[in-house]
Amino acid sequence: MEEGKRLTCPVVARTQAAEGHVELILQSRALARAVPGQFAHILTPGVLRRPISFSRIESENDLIGLLFQVVGSGTRWLAERSIGNELDVLGPLGNGFPAPDPMKPWAAVGGGVGVPPLFAAVQKWSHLTGDRPEIIIGARTAGWVVMENDFKELGIEPIVTTDDGSKGQKGNVADPLSLWLDNHNEAQVYACGPIPMLQAVRRLSAGRATTYLALEQRMGCGIGACLACVVPTVGDFGLSYRRVCTDGPVFRGEEMMW
Amino acid sequence: MVTDLGIELPRGMKLSNPVIAASGTFGFGSEYARFVDIGALGGVSVKGVSPKPWLGNPPPRVWETPMGLLNSIGLQNPGVETFIEKDLPLLRSHPTKIIVNIIGHTVEEYRQVAERLTNQDGVHALEVNISCPNIKEGGMMFGQDPDQAFAVTRAVRDATDLPLLVKLSPNVTSPVIIAQAVEAAGADVISAINTVLGLAIDIGLRRPALGGMTGGLSGPAIKPLALRIVYEIAQQVKIPIIGMGGIQNAEDVVEFLMAGASAVMVGTITFQYPDRMNQIIRELPDVLQSCGFASLREVVGVALPQSQKSNVQRAGVI
Amino acid sequence: MVTDLGIELPRGMKLSNPVIAASGTFGFGSEYARFVDIGALGGVSVKGVSPKPWLGNPPPRVWETPMGLLNSIGLQNPGVETFIEKDLPLLRSHPTKIIVNIIGHTVEEYRQVAERLTNQDGVHALEVNISCPNIKEGGMMFGQDPDQAFAVTRAVRDATDLPLLVKLSPNVTSPVIIAQAVEAAGADVISAINTVLGLAIDIGLRRPALGGMTGGLSGPAIKPLALRIVYEIAQQVKIPIIGMGGIQNAEDVVEFLMAGASAVMVGTITFQYPDRMNQIIRELPDVLQSCGFASLREVVGVALPQSQKSNVQRAGVI
Amino acid sequence: MEEGKRLTCPVVARTQAAEGHVELILQSRALARAVPGQFAHILTPGVLRRPISFSRIESENDLIGLLFQVVGSGTRWLAERSIGNELDVLGPLGNGFPAPDPMKPWAAVGGGVGVPPLFAAVQKWSHLTGDRPEIIIGARTAGWVVMENDFKELGIEPIVTTDDGSKGQKGNVADPLSLWLDNHNEAQVYACGPIPMLQAVRRLSAGRATTYLALEQRMGCGIGACLACVVPTVGDFGLSYRRVCTDGPVFRGEEMMW
């Protein structure tokens, strides 16, 4: 995997990805060699950098995407960047998803801003697998569904769920995933989203599919030095806290202790 | 022009310059190796190490506050044996001074870990952490009572002839009394300050934002508090002080030196700017120059009340 | 929707809302009258008043720090007689609660000024300042020792039947012990916190930036420290707490309420935004609503450890 | 005197007044009723507002000037404002200069960024006095001399001094002032600048001229509430600290205790 560096990357495009969601496209040769699931740790005016996953990775033209929801001061500042502004980025960081096993059925399940890293994975690997991957994307409400069209442009029709039923199936991603798992054996499930969603994915997949979960945690350094970004995992002697920034963000479902 | 930034601390500990990476913000050193010129640093104080591995506190472990950072790491560390086996070899490949921050639940644990680290190739000094606000037993408890601070320092002093830094807590009525206790117990240097006990509420979740509830505040927000403590201690002890808390640039370093510190540690700002310590070291000569100083020695303690300056000069083996 | 922001503190002190101007940042009230709707405030705590006029400290008296403000006013004030004669009449024309912050060099001086203010038309409560870091005798000295804190509080308690707030210093090892002492001595309410003892160096002048050398740190920088102290005290005393330190907006107010405060004071931000307190009062209902609360009462102490909440609810006469 | 208010004022012009010195022209009916020597307390990103005197006051067209040296974060931010930006200002604040006695000789002595409030005074009152006022302006070096041309446009040739002799007379404003005082009786001297300069002005004028000194001090509220901005003055019982923001900024020389 590419070793992260400190980079200065120009913004070359900016789109309103959904209500309160922005996607910035950065030009960077180094970042464009990232693996889906890796992230950038971005300097914003606060005391800490902000971690954002790559929403797309186009190594042919040295472009990557950052798709984020505006939730606080850092993402608000990021959303105000425009073409020509430069971002100070550490990246690519962390361990991304493994390439899917081409012989096994593959599903990608994303909730909210968990969708972007899955799109990057599907964009990179969907041609590898015999069947196209099953894509299930959930959001709170219709206005917050992201990257649906990007999947369509890859020729894949995602299943969309919304909590309030304003788009796609009413409910969350668990129902369609459960259905899919019933019909696929020895499957592999890639997921990213809120913890309760990931817990559901793990529970549903247990004994039926290998799960790779991309986690979030509040970070300090982003590079493994401060032990801020830990999540509870199963260690040799019980609970063991491991770092999202360098041991993850992608963990296997059975590694998690929740 | 100040060209020599070198300083000498007690027991012959020579640093190429007074800028040291602060414990807990620089891991065991090698994590930052590709972002920082570690060899150019005055020293590196590694993450606190205990006799046995510690689990640390439940996440979330950090929270941003206005110009500050709350953390509740809880001293997760792999224990001294793993440190010696895995981390120290990587770290000692860099031509800098390695200070090992040590921690225990009991006086005996502090003694044990100090003893184990003595005579390890590449360990240049120990920093006794009696000021971590994030653990229930040990840590800050020892740093809030002069008798306990004395006891820990004395036990470690008896166990090692390495240069001994003792790191003080700001969360006390009188930092001077603690400083005097650790000086009397044989500390060579005082590190001041560790983080300020603080709290944030996640109003959405209706609970403290950190998994460990309270946490330690670091970053620019605490600089005035840190400077005050250095300034108070410098007037009452003779051993040198390494100042820290919120340093962002070379001007901030000069503030600490003028308040009586002989060297500084730099922590939180590294998360934003990994190479900021290198930049500070490069810029320090110019800043000293523009303030009219010809050597580092002249700066130390220059802002102290007149009668106290000599104290620092005596102490300042720089 | 929370429509009633009213709260009731002990001895029948009713505030229309929980937002009070913090002592020393709002003068004697009338200075801000053309910038602020004073009548809409929950209350105003005036600048500290002593029996005789005080000169205050030499300038400079303020210095900006990262998200903080250091001050060393030294409690310059015209004395209680001038206050009663000149300032109180102007102030009491506004329909708000007037809290007089009192200060003395000795226990006797505190008693005197309390007695003099009792039964003055327009004085609704006294706030005993045992926590000013900017005077050499009195002030913070009384707030750093539980016995002295008890003595001052008891003396004032005996001299007045006005609602009695006692304002605590953050510059102590254990704020809880001081809080318990003033509760035992008869305080009705705890105000927490006063400023944090700090220092800045003017590196150009090579000396402390403030005329009084050290100063008191206020502003957003200290919010995590202030919240921690409120949270600690709320678990150990039964009387209500007025929280303060770095409040900038309605969300910050909610943090203090969740940490166990029944009301808040707002200081430094007023220098930037004179009408910010009015804005906070207007926005508070929406913020409470968006956090899912139907009344102010439910919020107080909701972030405390489970077993402690009842304490606050008992105390929370709101 | 006009009661200060909280105002939002657009920047309508910006000029580089000297090396590292910028003048902003704001449009504001309320500020343009200020008295020379009064100031504006301006919101910048720091925790405190920044006090700046009015460098010119043009009540006919509702314009005022703020001429400042870039010395720190606040003035740097102000210097970056451009036409159309709005400033959040409390003002006009403080007690300005009294109108000069038309019957008496008048000198205005300014050092560095002490010059602007004196220009505002001369601009307003120079036609009142029989003789044109004597203007003496000092600066560290030639590049830092401000408002010389503005005085010339009023038809007054200022005496310029620089510490390094790079422009005008070498030395400070004391020598020309001393000379002038030797030749004028019952004079009135208006001065603004660094403390040592003001002390020299007072010493030279003692017994010979009435002096009005505009002082600076670090401020909190700017409106008299916090007692931050005091200077040592002669009180009924000895030393008394009085507020620059509301008792000043203009004091009579003999009021000062230094």
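We call the chains A, B, C and D, going by the order they appear; numbering starts again at 1 in every chain.
Quick note on the criterion: a residue touches a chain if its C-beta (ideal position, glycine included) is under 8 Å from a C-beta of that chain, and two chains touch if they have at least 3 such contacts.
It should be emphasised that the depicted structure is a prediction, and the values quoted were computed from it without experimental measurement.
Student: Return the chains shared as contacts by chain C and chain D, ordered by label.
Tutor: For chain C paired with chain D, there are no chains in contact with each.
Student: From the centre of chain B, which chain's CA centre is farthest?
Tutor: With centres defined by C-alpha atoms, farthest from chain B sits D.
Student: Using Cα averages as centroids, what's the distance between chain B and chain C in whole Å?
Tutor: Here the centre of chain C sits 34 Å away from the centre of chain B.
Student: Counting in whole Å, what is the centre-to-centre distance of chain B and chain D, each centre being its mean C-alpha position?
Tutor: 47
Student: Between chain A and chain B, tell me the centre distance in angstrom, where each centre is the average of that chain's C-alpha atoms.
Tutor: It comes to 37 Å between the two C-alpha centres.
Student: Rounded to a whole Å, what is the gap between the Cα centroids of chain A and chain D?
Tutor: For chain A versus chain D, the centre distance works out to 59 Å.
Student: On chain B, where are the residues touching two or more other chains?
Tutor: If we look for residues of chain B contacting two or more partner chains, we find 65, 67-68, 219-220.
Student: Show the residues in chain D shared as contacts by 2 or more other chains, in ascending order.
Tutor: In chain D, no residue touches two or more other chains.
Student: Going by the touch rule set out above, what shape does the chain contact graph take here: line, ring, star, complete or other?
Tutor: line
Student: Return all touching chain pairs.
Tutor: Listed in label order, the chain pairs in contact are A-B, B-C, C-D.
Student: Applying the document's contact rule, which stretches of chain B touch chain A when the two form their complex?
Tutor: Going through chain B, the ones touching chain A are 24-28, 31-32, 34-35, 47, 55-56, 58-65, 67-69, 71, 73, 76, 219-220, 268, 270-275.
Student: Once bound in the complex, which stretches of chain A touch chain B?
Tutor: 3-6, 43, 46-49, 90, 217-232, 239-241, 246
Student: Could you please specify the touching residues of chain B with respect to chain C in the complex?
Tutor: For this pair, the touching residues of chain B are 65-68, 70, 144, 171-173, 196-201, 203-204, 206-208, 213-215, 217, 219-225, 227-228, 231, 246, 248, 251, 254-255, 258-259, 291, 302-303, 305.
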